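Presented below are the structures under discussion, each in the form of structure tokens.
In what comes next, chain A is part of two complexes: it sits with chain B in the first one and with chain C in the second one.
Showing the complex of A and B:
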């Protein structure tokens, strides 16, 4: 597998949210607005990237039997860094992401990549894998948030798109809208993927 | 939430602010182990057990150790370690002393470490400034709410599995849309809070 495919597989083929169904909790919770989705996506990307690099560099030192606690400590360290940095420099985003910042620790995408990829591969490949998976996660979040913000609020990244022509469907920014939008997004992905496979 | 009284907190935890439908915690096990009613019961029981123990332990750790020492920033890292250790311990003790219980819950226990509802509820307890009794009521209520959602959903899913769902919608998509409709139903409880 070449280096480029390590980077790009996270974007579509193995997209963590849309294809592997990992990290669903933050994907549903913070996608009421595109701004929050970007904040969450980039925070998770930073943690994923850093933990992948550290796990890959320590992969020959960490004993196999205690590897999971070690991974969790490494991940939790970076999550604490993100928590403090966001609180200091982007307080509004920190406030609206709330509990989901500390919960990046238990995001299955991150522990999953540490276990399945970074603990077995060289540092540079793990770096690319972390970056690709993180961007794929961000992309999925932004896609879902765009649907919800446009339909539920009539805006995208805070810019009004409809000019008051149409009444936003409030349901889409409420919890049920998150489930329903993601359900249709996944179904759409299935259709596209099936067509792609049928065409070779 | 702290001023709601015990009954109020219980209602909030189970119905109006249901962990799954309003707080989006624990979605992975919700989608993962809801294919059969029996596994849904097992998972709910395991979550109730671990969540109660985890909150009972993490609350005093924060209030008695981290806060007086001014080390609040270690909350995330210490809580997740306590929870991971706790799950391992419960697994070992259960294996030795309660084989039947282990047979029923055993396979769910390792999954629970990464169930964000456990860590999430432990943190909400402190963010909402609940006292110890309120925190325990809230925790058990949340676990019960998780169980309620999981059991309702798995019942629907069992019925769905014999229907002809459009191919692209099978599995997770139809599951999520069902969850959306259930979440709408749960929004009807909002007047209680």
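Showing the complex of A and C:
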């Protein structure tokens, strides 16, 4: 596998949210607005990238039997960094994301990549994998949040799209809307994949 | 190519000459009294909402069938989309903006039915899915109840709304039983007239489209539950007759809960289903934030139908003796 495919697989073919169905909790919970989705996506990308690199560099030192606690300690370190940095420099986003920032520690995308990829692969590959997966996660969150913010609030990234003419469908910013939108996004992905396979 | 002679399908296996189409048109006939009552009390606007909902449902049904590669013409003619459309409209206030009616039809057909694989596969009643979707999405528009015989834009609380806001004494005094019975009160355009819905329910029973278990246990449970609360605290809770005649109990018990696809197949299951619908309706009405709970109650019980069917399945022929023998 070439290096470039380690980067791009996370964007589409193995997109963590839309293909692997990992990280559902933040994907459903913080996608009420595009702004939060970007904040959550980039935070998770930073943690994923850093933890992948550290795990990959330490992969020959970490004992197999206690590898999960070791991964968690590494991940938690970076989550703490993100938590403090957001709290200091982007306080509003930090306040809206709330509990979901510390919860990045147990985000299964990050632990999953550490376990399945970084603990077995060289540092540079793990770096690319973390970057690709993180961006894929961010993309999926932004896609989901776009659907929900446009339909449920009539805005995109806080900009009004409808000029107040259209009564937003409140359901889409509520929890059921998250599940419904995610379902249709997944269905859409499956249709596109099927077509691609049929053609290719 | 070998011909496939083995028929695999889930229960019920009963065979009848009744076709989907015949059942659906009987239901339409049974809904007619309530349609007329709605039109009398809420005017041509109510008729417009019903017509639009039916047409929109037919169009979305056609599109959904086409997209999923199923025969379009047959399904459109079987009348199921017409019923769904009518039932969606019956669960809406007559003054609802028309585009919201169309959204309701879209939700009922696509989200309520076709994402699960079409007629016969939907776990939840499509019309109620649409109603709850609209109620959560547009809380203001969905609770603006036009006054019967009123002019455009004049709205008032439903009887249950009055009950929740002003208490039992005011509700009893301001809304006579006679008005509840004929439907001369605020509410969804098809739910207000208890007598018209009862008439429709009897048509369904006589034509054997539905059996008595679900509606009777539903209404009886509401009666029993509210009798108890009424006897315990008569000044706080209103009497059982008022509860049964108001809100969506009649529409829900006769037309929504009895939907063949989303209710249990066995008799015991139906009895339990009806009791559950009545129970949750009362819980929501008496202690929850919404004044009315029929649609939520039926949807909750819809969700439990697979469990009910599983644990209350009729005993297999010959199975009883074996289990008794094993126990002894």
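The rule is simple: the second predicted complex is superposed on the first by the 200 of 200 C-alpha atoms of A that agree within 3 Å, B and C clash if a C-alpha of one lies under 4 Å from a C-alpha of the other, contacts with A are read in each partner's own complex, and residues count from 1 in each chain.
The working rule: contacts are C-beta pairs under 8 Å (C-beta built on N, C-alpha and C of every residue); 3 or more make two chains touch, one makes a residue touch a chain.
Since we're looking at a predicted model, the values are computed, not measured.
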Task = Check whether chain B or chain C contacts more residues of chain A in the superposed model.
result = B
Inquiry  = Going by the contact rule set out at the top, does A:167 touch chain B (first), chain C (second), both, or neither?
reply    = second
Message = Once chain A of both complexes is superposed, is A:103 in touch with chain B (first), chain C (second), both, or neither?
response = first
Ask   = After lining up the shared chain so the two structures overlap, which partner does A:83 touch, if you call chain B first and chain C second: first, second, both or neither?
value = first
Message = On the A-aligned overlay, A:8 touches which partner chain: chain B = first, chain C = second, or both, or neither?
response = neither
Ask   = Now for A:180: first (chain B), second (chain C), both, or neither, which partner does it touch?
value = both
Query = Does chain B (first) or chain C (second) touch A:155, or do both, or does neither?
reply = neither
Message = Give me the intersection of chain A's contacts with chain B and its contacts with chain C, in residue numbers.
response = 171, 174, 176, 180, 183
Message = Could you list, by residue number, the parts of chain C that touch chain A in their complex?
response = 97, 100, 103, 111, 115, 133, 136-139, 141
Ask   = In their complex, what parts of chain A are in touch with chain B?
value = 21-22, 24-26, 28-29, 68-69, 72-73, 76-77, 79-80, 83-84, 98-99, 102-103, 105-108, 111, 171, 174-180, 182-184, 186-188, 190-191, 194
Query = Along chain A, where are the residues that touch chain C in the complex?
reply = 167, 169-172, 174, 176, 180, 183
Task = Within their complex, state which residues of chain B touch chain A.
result = 21-28, 31, 73-77, 80-81, 84-85, 113-116, 119-120, 123-124, 127, 166-169, 172-177, 179-181, 183-184, 187
